[in-house]
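Shared chain: chain A. Partners: chain B in the first complex, chain C in the second.
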Partner chain A sequence: MKMIGLMMIFAGCASCGCLLVTQYKKRLAEIFALIDAFEQIKGDIDYRLTPLPEACIHVSKGCKADIGHLFQNFGEMLENKTSMDIESSWQQVLRREKYRYHLTKSDYDILETFGEMRSYNDKLMQKKELEWLIDKLRSVSEELQKEEEKTQKLYTGIGILGGACICILLI
Partner chain B sequence: MEQILAITQLGGLALAIGLIVTLVKKSGYDTAATIISIIGTITMLIIAAEYIKEFFEVIQTMLVF
Partner chain C sequence: MNRQLLDNIPIHLKEMFLKLPPSERKRIQEIRLRVGKPLIIHTANAEHGLNHQGLCKITESYKASDVDLETIIKSISGFSFYAVDDEIKQGYMTIEGGHRIGVVGKVVVEDGKIKTIKHISALNIRIAHEAIGCSQKVLPALMIGKRVRHTLIVSPPKCGKTTLLRDLIRQLSNDSFTVGVVDERSEIAGCYKGIPQNDVGIRTDVLDGCTKVEGMRMLLRAMAPDIIAVDEISSEKDMIAVEEVLGAGVTILCTTHGLDYKDCLKKPILKRMIDNRLFEKIVVLSNKQGPCTVEEIIDVRNGRGGVVL
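Coming up: the complex of A and B.
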């Protein structure tokens, strides 16, 4: 009975480590999906002269990693005019959809700048603001990619070895 | 038998903590590695304290008449 308990503790700790690795990978995938989405929005505004609400709804259909919900809701909110300005709508959507994603506070801080894009800005200004946002997200993704292997090893190792430590202490 | 188990326990714990510290240090979290090693040392001292006490008691019985 004692051995089964110890094995369960060990398996629990090891799976916690694996869970952290999965979350890290999902965060990276979500950031890539966000970069893709913002690139598409930029293209829609730049070449097709699509208004922001329509561009968001259009982009949401082709998004990966569940990011589509974010743009779908934001686009619908802007079209239905449920909020007075873009900033509060975007923040509302981010708060509502936060549970779906694995992004950290620093990622949300970068994302919030998208809401600061003024509706009265011309095409060029909107494009510049989107480019700035994409650059920021790209630098985050590069940093995450650089540390991916190291972090994966760390989380898995700490999970397994931490579990082993607890088991040894309980024997 | 009990003492062999205790020695194995301490050795295993030291090995696991050593590996954790190496992993954490390699990842660049030096402060966390120091904290982990201090916690590990204290835990091992707590486990070993009882045996050290027993050891001193044996010496005392040998020397005090």
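Coming up: the complex of A and C.
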């Protein structure tokens, strides 16, 4: 009985480590999906002069990692004129959809700047703001990629070692 | 006044308009909003103010604020000024349904060209009205056998040039003609995301937001139309494009600003077009009995004119 208990503790701790690794991977995938989405919005604005709500709805259809919900809801909110303020609409959507994602506070801080785009911006200003946002996300993704292998080993190791330590202490 | 327009105005203004009975709202032709000045509504032959009680004297009317105007601009541009930049430079924007919003304010000029308009101080919302069937009486006079004559519709503003043109397009398209429309200001078909919101018939192809000259050439090349329809021709380039259309054996239907036939002859380009017999019929409209009142239909090639209807 004691052995079964110890094994369960060990397995639980090891899976916690694996869970952290999965979350890390999902976060990276979401950052990539966001970069893709913002690149597409930039293209839509630059090449086709698509208004922001339409560009967001358009982009939402091809987004990976569930990111489409963010843009779909934001685009619809603006198109239906539920709110006349881009910033508050975007923040509202971020708050509402947060539960779906594995992003951190610092990621959300970067994402919030998307809502700061001014409706009176011309094409060039709009593009620059999006480029700034994409650059920020890209540097986060590079950092995450660089640390990926190390972090994976670390989380898995902590899980296994933590489990083993608890087992030893209990014995 | 329909949903598309009401959705683009601030909520307190929307409430004022919604208090008006639908029959009153239908009569509205223009809404003028000026910062700090009373809101004025134009119907066919009168001016009114508007406040929370409904229609009122202009002196008692609601005074528009800069925030009201900013909200309207934000909304109609889809929170994206860049998307309507070219239209703003020309002083107007067209929204879903073909309603035109005229804009004035501080014009920003760079290298002698208008860059944009900032500090918008007044808006003139012109409501597009579809008048299904208004061309019923005019159409027989424009037909010669199974062909439609090259026609110019002339009238001062607000007399229904575009309304008549739209209905002609609708009727001809539903009859059997393939009609190509170059809708530079999105007023004829009132396209939203490329799809006509006004009834322009079943055989009508619309080039929305395209310049007239380029549009006419594109339609000729790509869509093999029987008829090409454009609004408000005036420049030499327009004339050249019209000549190309006629050269391709396609009928032209177009409109221009002018009081009457004599007024057209005072405008050099228009005079040349008439002298060169580019048009066979000129339809002159007025507002005497409401928009689309036909004053005369002139047979240009025979040099005959007269009150027809």
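Operating definition for what follows: the second predicted complex is superposed on the first by the 171 of 171 C-alpha atoms of A that agree within 3 Å, B and C clash if a C-alpha of one lies under 4 Å from a C-alpha of the other, contacts with A are read in each partner's own complex, and residues count from 1 in each chain.
The rule is short, and it goes like this: a contact is a pair of C-beta atoms (placed from the backbone, for glycine too) under 8 Å apart; a residue touches a chain by one contact, two chains touch by 3 or more.
Fair warning: this is a prediction, and the values are worked out from it, not measured in the lab.
In the superposition on chain A, A:Gln126 contacts chain C only, with no contact to chain B.
Applying the stated contact rule after C-alpha superposition, one finds that A:Lys81 touches chain C and leaves chain B untouched. Which of chain B and chain C touches more residues of chain A is settled by the count: it is C. When the two structures are aligned on the shared chain, A:Met1 is found in touch with neither chain B nor chain C. In the overlay built on the shared chain, the residue A:Thr50 is in contact with chain C alone; chain B does not reach it. Residue contacts after overlaying the shared chain place A:Ile158 against chain B, while chain C stays out of touching range. The intersection of chain A residues touching chain B with those touching chain C, taken from the two complexes, is empty.
Taken in their complex, chain A has these residues touching chain C: 45, 49-54, 78-79, 81, 84, 86, 119-123, 126. Interface of chain B with chain A (complex): residues 5, 9, 12-13, 16-17, 19-20, 23-24, 26-28, 43. Every residue of chain A that touches chain B in the complex is listed here, in rising order: 150-151, 153-154, 157-158, 161-162, 164-165, 168-169, 171.
Note for the complex: chain C touches chain A at residues 7-8, 10, 71, 74-75, 77-83, 85, 116, 118, 193.
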